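Input: structures, listed below.
Shared between the two complexes below is chain A, which has chain B as its partner in the first and chain C in the second.
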Partner chain A sequence: MKTKIIENIVKILIPLIQVFGIYVILFGHISPGGGFAGGSILGSSIILFRFVYGSEHTDKKYPYKYLMRTVSIALIMYGSLKGMLFILDHFGIDKIIPVGVPNTFLSGGSIIPLNIMIGLVVTITFYFIAILFEEGELEYEHASE
Partner chain B sequence: MSQLIQLFPLLSILILLIFGAFLTPLLKRKKIILKLHIAINSLVTALSFITLFYVAKFGPFVFQIGHYPAPFGIVFKIGPIESSIGLMFSFVMTMVMWYSIFSLEKEIKEKRVSFFYILNSLLLASLLGIVYTSDIFNGYVFLEVSTLAACGIIIVKDKKENIKAAIKYLLLSSLGSGLVLMGIAFIYSISGHLNMTYIHGEIIAAASDKTNLLLISLILFTIGLGIKSAMFPMHVWLPDAHTNAPSPSSAILSSLVIKAPVVFLIKIYYLVYGIEFISNSNVFELLLIFGGFGMIMGSLFARRQKILKRLIAYSSVAQMGYIFLGIGLGNELGLTIAIYHMIAHGLTKSSLFLSAGSFIEQTGFKNIEDFKGIGKEMPVTLGIFTLSALSLIGIPVLPGFISKWNLALASIESGKIYLLAIILISSLLNAVYYFPIIINGYFGEDNLDGKVFRSKSKPIKELIPVIILSLVMVAVGFLSGSVINFIKSGISIM
Partner chain C sequence: MKKLFAVMITVVFIGFLLIGISEMPPFGYEDNPANNEVANRYIEGSIDDTGAINVVSAMILDYRAFDTYVEASVIFTALIVVMAVLKEGGIKFED
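Our next item is the complex of A and B:
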């Protein structure tokens, strides 16, 4: 479905959805929300973009290669940060990372970066799952060329 | 120093996940990916080896994760059983990886090779997690990860049969994990805890007035994990999956993936419910029946197979029957032998699958009757196959014999003499279906007619991992006394 009306409305709608998703991710540690919830909202915005503007245009805008790279880097950073916290905790030096204060944005210690990583991974995974079920194949070959 | 060594179980899982699974999609060149994965797996094997030595010297230890002490945080409990099974898993995985460098590209598309290695790292991390963890829900999460990764290594070949087999496995395995989750829900509603030790305390207090609820959850765990570990009537997914997967995947599936749920089941029996509750229920009789039927029917099914890998897959069903029979005997020796047989079977079956895989790779045939005279064409490979098959049949000194002998002793000890007949019949049936392959491979005028000596044999360089696997298998048989004592020391403190 590709009419001018839908395209224009989606053009207005998508930034709103994305801002809301980012808000849910960033305020996950002091209000309801978090990486998974915010990531699914962000993912839905990219899925909407793809359904309206078609797969070729979207693949140019969000190439498979870069999305995969983002997921991997986010996972590596999540794994190393959380793993480092576990290891530091084992040696009894977890005082490096401060404990958060309620109602203060920059206070959650390591929760904000972890939430951002989860948000990125969930966004892209939701997008990939939607493509897989809608089109049967991730844009594998033509993105890598 | 000892604080550092206690970190190793967590560290090996983290290394596998971060460097094995998450870093690989960023790498482009296949040679680097291969080297990275071999290095990671060898490192994990070394870490498991050090952990084993530490446990042997200083006894078991408890490792806390998650910033909070036991009832809230997750706890890894590393004892002799966990460390020896963990070492076996990582060692077999390393050897299979090594073998797969030379043969994988002949079986799957080049694009999928890095995918295979990613999945294997995920799989090993989750299996080690299942073995090490002492938190029941943490174990469930690792169980799910291992199911999905195992489906991935079946489907990686991208053929029609593979997709069919993987969907069959996915459905049955999801059913199994659903049952396990339901069991956890029942247990949690009774005890309010997820840590195994704390659940045990609550269960003992509640055992008298909530017996039925506990029994239902016990059966849910037994059947759910039984599906995942191919207990006899629930084994239907196994032959398809193991036959159609590429040979390295078959080796991993049958020597690692179906063992980890059994370790989890043993932990649930002995750590969560405790031996008093279990021996008052009839669950051990159930395991004896399923295990005994599995030993005989698995061998009978294997006897009728025409495809080589399918025969070996059905033989796995029979061997899992031995493990369940050992658990079902309910005494200390039986449980020890169940765990010993897990190690023995893991080493044996992986070398069996890898050597069968090299037959198929070099000749292009699948059926057993096409492998007549293969002993002249590929003498070394058939020699490895013969050694492993002899171990499964039960020739003295090899580990298969040790477990059968001790299983017989354990069944006499528990007063169930009729089990001896089942063990004997099953061993004879093993001989019935393995010997024709070996005899037709090495001997017979008609069979060897027109075959050229060593014409199809693989370069010895590519066979080194399989040779190492079979040597370690023989060593486990030779050193069975100390291995069994080590496992026994773990059971007495469980």
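Our next item is the complex of A and C:
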């Protein structure tokens, strides 16, 4: 889409959408929301960016290789972190990450890192699935040059 | 004849499911089997256990974190399957 009006409106809109998505992810232990909701908001902002600014520009800005690595590392980190916490809890060592004062931002122990990882997985996966259904290809040859 | 058969099967199944529903405990009754010590523990002890005031977050990311882990893995597996089926061929957006 080449319209200048859409490009300029989206240029203002996308940072607002992304700040809202990051807020929903980071405040998942205080207000309604969390990794799944915030991740779908962030993913929709990247999909909007790709529809407006074109495939080539987006492939350069968000390379397929690094996004795929991010998803895999986030999933592995989630499994190992929470698995480690469960196993240590069984042996009586709990609250390695301090719980903090409830109703402040730095509370909830392991909930903030786990929410961030879930958010990353959902963001990138929704973006990939949307562009696969729409374009049938994840990355064109120009991006790897 | 085919339609009559289908209608009869549907009626039988509806009756079967309604018999099952008639055995269910009444909604919101305090002696229901769903109101056990697990729900009370979540409501009363979640702030002390996890420090999160959002009880839903405390449940899905602390008490039942592996359920959420497998949910994320299911989304990831769906991506891999869609990639295997749909990759290559399609329209491309001009900038």
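Criterion: the second predicted complex is superposed on the first by the 132 of 145 C-alpha atoms of A that agree within 3 Å, B and C clash if a C-alpha of one lies under 4 Å from a C-alpha of the other, contacts with A are read in each partner's own complex, and residues count from 1 in each chain.
Note that a contact is a pair of C-beta atoms (placed from the backbone, for glycine too) under 8 Å apart; a residue touches a chain by one contact, two chains touch by 3 or more.
What you see is a predicted model, and the numbers here were worked out from it, not measured in a lab.
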Pick one for A:D89: touches chain B only (first), chain C only (second), both, or neither.
first
Looking only at chain A, is it chain B or chain C that touches more of its residues?
C
Partner chain(s) touched by A:N115 [first = chain B, second = chain C, both, neither]:
second
Which of chain B and chain C A:S40 touches, first, second, both or neither
neither
Of the partners chain B and chain C, which touch A:G79 in the superposed model: first, second, both, neither?
both
Contacts for A:T70 in the overlay, against chain B (first) and chain C (second): which applies, first, second, both or neither?
neither
Looking at A:Q18, would you say it contacts chain B, chain C, both, or neither? Reply first, second, both or neither.
neither
If you lay the two complexes on top of each other, which residues of chain A touch chain B in one and chain C in the other?
71, 75, 79, 83, 86, 140
Any idea which chain A residues touch chain C in the complex?
1-2, 28-32, 34-36, 50-51, 53-57, 71, 75, 78-79, 82-83, 86, 99-103, 107-111, 114-115, 118, 121-122, 125, 128-129, 132-138, 140
Considering the complex alone, what residue numbers of chain B touch chain A?
3, 6-7, 10-11, 14, 17-18, 21-23, 25-26, 63-67, 111
Contacting residues of chain A [partner chain B, same complex]:
68-69, 71-73, 75-76, 79-80, 83, 85-87, 89-91, 94, 140
Per the touch rule above, chain C residues touching chain A in the complex are 47, 50-54, 56-58, 60-62, 65-66, 68-69, 71-73, 75-76, 78-79, 82-83, 86-95
